[in-house]
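By written order: A, B, C, D and E. Residues from 1 in each chain.
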């Protein structure tokens, strides 16, 4: 039996080897590629659940690659935050690859092999960013997943090419700023390891190089995670990519960038540095603007995927608002990073479901615009049901995940004492209601144009998408409600709340209860 | 003038401002004792009284160990005097296959206090690289041994680029 | 090709075919002299990376650049025949397989205490101290193979114009028939 | 490291960089970029970083330039406006 | 003022050249209309960062009197010390990343040209509007 300490590294290597195997096996037979990808990601998910279990109940995994002590070699560190993000990531990746079997056959019939190879590399890069404990290594993996994402977004051709190019230019600027920040940090500390940097940095907090490095990290990663003024690549990239890539982009890729920012600012620069300058207050304000801007722009859109993309801008605003408030909430149970981490999972569930449903409409009848969706509620009852569940979650109807995020966020705002943010959240809920109600209304209340006046009285033929595409949508849609109930009752069966507590304890922010 | 040029100029001015802001703290160019090459000051100090004798006799002072542990640093295992008022401290390897200890801290007496410095990783690479890896070219040793995982990532980046271009451009053959 | 007076066809000489394809004698001769030297140098760089400047990546790029020179001098069709696509695909993966595989062997041979990519654990029949150096050589060769195959495939994909390719193939077929 | 030589080469590098981004003919821009990479490799060799210098000479001046030429020959040669 | 100039600008000339190259590349990436020019700008930006890293690792001040030597371990003469090998190793990785990015982006440019018949960004946006 391989020790559990080996699992994080095996996870990466297995994924890498699978990518190469897809490439070679696909040369012999196209059918292998999907199967290999699916099985690999399934195994990875199981591994990541083991890791989460181990981290939660035994302690963090600290693995020295090549057998060198950390400041000399590279280190893989998995604590609760990593393990949690890893599970969320691989869960959505698994559902996406399940969904993509039929969808990719339909959309890119000639490119199946390379599609899955690049997809597997995307998953590898995301996992690598998540588990690494070395900043330069993080940069390398950020580049891997970015390159894979550029190619996957462009794979449909047409307008997607230009969207991907814009993403490439902006993402490269972000990565360059990131590596410049690494250079600044290296020149004053001589180290690249995160834990080591955290130990060396405290006397250097006044150093201008360190401050500039932090600023460069924030700006570089803000581009990658599409924070408001730097989001311009996002709407096009989200709307023209294949559906599962949109789901991954919105649900995981920008979240992993957020994770990188959280990791760098709390693990490397630590809370003491963040309290010196009001950077996080500034971030909270920017996030508030992003929430309103994203919601307003979403209302103006006709294209369903584009609307969802702008909604992603606003949802990233929620996460960043929670991160920005994390320093000022100390006393209550929902303080610290809890709302941000919750919303990472919740957003992955909701946006994954919504983008996959949007992809299903395109798969079935090439319907892009909201007005085209009339009467589909009767034709595709399961798909539209899942859509409705995810949509009411986005609005924030009580037992759903969206409600949980919002209520935790509102409590955090109350504790931070800035009631303008509360107004922003309530206004955004209203705007969410406006643009999602429009879609739900079109789906259920309006009748198809072609049919006669009283068509709704006739039995409508259901015309569902293939089962392999339907299952992920249904899982995600139902989880939107189930997960919300679990959050609300704080049932510790999946260890959800202990995760938040131990993350808060790790970074010494917020109030944390006992970790079992 | 186009809007893009104006945005570009603005960004350039912003970045220039950033560089002018930080220039004072950039380590001097070509300095052989800069933090990246030699020693990092850890801002840990203890009173020299008593500690100095202990250091000179090769014992590990408890006050120093406490001060280091407060900042999550490993405790030294062996002390060795280099020159008057300066000591090298070594730590346990921690791995099973090297017997020797490795150089980690440098204690310097400054006035009445003993300051703690730490060696940069590079010192270790240059001193022990040949012995440990049998490779005279230290960069090769670093990229394929000390930081081999980075290089695995790097090879994956090239591979990703190759497949991505096939995904984008190739319209022939099986792929 | 039809003769000027229309009385029949004659064979194109090698020179005429070269001119028709837009290639140049001097470049061809020089390239055919240079390419083996470049490849020899590339192998030297890969193997010698441990002792002097260079290493798997640089050697791989130089090896790839020799193929690129071949393409520039002799046209893409000939290069395709010399380095088939299937080989290229296989080699791209093979290099990384070697790299990741060396690491996996390290884990599998000595579970529990030896970590990933720790070449001391390699089960090689040489002295303990030599294993690290040999492991690094394996990895360098792996990097070299991947880089060579990927750079070549990248250049072929970027430089490939399908229409011109087809024309070139037709011409060379014609030349073949006339013989 | 010899300062005057270093300064001279770095100055030439900056001039070539400006020329690269202002050339209207993309072919000449690409070739200038190759020259820039090569000079950069020389500067790095003079800074004793021979491995990076080697790589830049092979990649920046060699393969990147070949890629760029391939791309320019398949797209438009002249920059407009 | 003069002191500041000599200490911060002249003594650190290598860093300033790196900054100038970074800014040239950055400006080209944002302001240039042509896609290939943007990519050349990206390459310049990256090379500037590499120059910064390499300058960081170099040792040896003055006019060739006392200098650093390269990191290949051998008997070195008195007065010379080895330069810092770590930035070199990092930049080797970063160069590979930069050439990979360049290749993928050139692939995109070629596809864009096939699709839109132009590689000027403004013209692409115009054609997109028509579509």
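Just so we're on the same page, a contact is a pair of C-beta atoms (placed from the backbone, for glycine too) under 8 Å apart; a residue touches a chain by one contact, two chains touch by 3 or more.
Predicted model only: the values in this text are computed from it and were never measured.
Note on connectivity: the fewest chain-to-chain touch steps from subunit B to subunit E number 1.
Chains that count as touching both subunit B and subunit D, per the definition above, are C, E.
A count of contacting C-beta pairs for C-E and for C-D identifies C-D as the more extensively joined pair.
The distance from the centre of subunit A to the centre of subunit D, each centre being the mean of the chain's C-alpha atoms, comes to 39 Å. Subunit A and subunit E have CA centres that are 31 Å apart.
Averaging C-alpha coordinates per chain places the centre of subunit B 38 Å away from that of subunit C. Annotation for subunit C: residues touching 2 or more other chains are 51-53, 55, 57, 89, 92-93, 96, 100, 103, 116-117, 119-120, 151, 154, 157-158. Shared interface positions of subunit E, defined as residues touching 2 or more other chains, are 13-14, 22, 26-27, 29, 33, 55-60, 68, 71-72, 86-90, 92-93, 96-97, 99-101, 103-104, 106-111. Multi-chain contact residues of subunit A (touching two or more other chains): 16, 20, 23, 27, 64-67, 136, 140, 143, 147, 150-151, 154, 186-187.
Put simply, subunit E touches subunit C in their complex at residues 72, 92, 96, 103, 106-107, 110. Across the complex, subunit C meets subunit D through its residues 53-55, 57-58, 61-62, 64-65, 68, 151, 154-155, 158-159, 161.
Those residues of subunit C whose C-beta lies close enough to touch subunit A in the complex are 86, 89-90, 92-93, 96-97, 100, 103-104, 107, 111-112, 114-120. Interface residues of subunit B, counted against subunit C in their complex, comprise 96-97, 132-137, 139-141, 143-145, 148-149, 151-152, 154-156, 158-159, 161-162, 165-166, 169-173, 175.
Interface residues of subunit E facing subunit D in the complex, by the touch rule stated above, are 13-14, 17, 20-21, 24-25, 27-28, 32-34, 36-37, 39-41, 43-44, 47, 50-51, 54-55, 57-60, 62-64, 67-71, 83, 87-89, 91-92, 95-96, 99, 102-103, 106, 109-110, 113, 118-120, 122-123.
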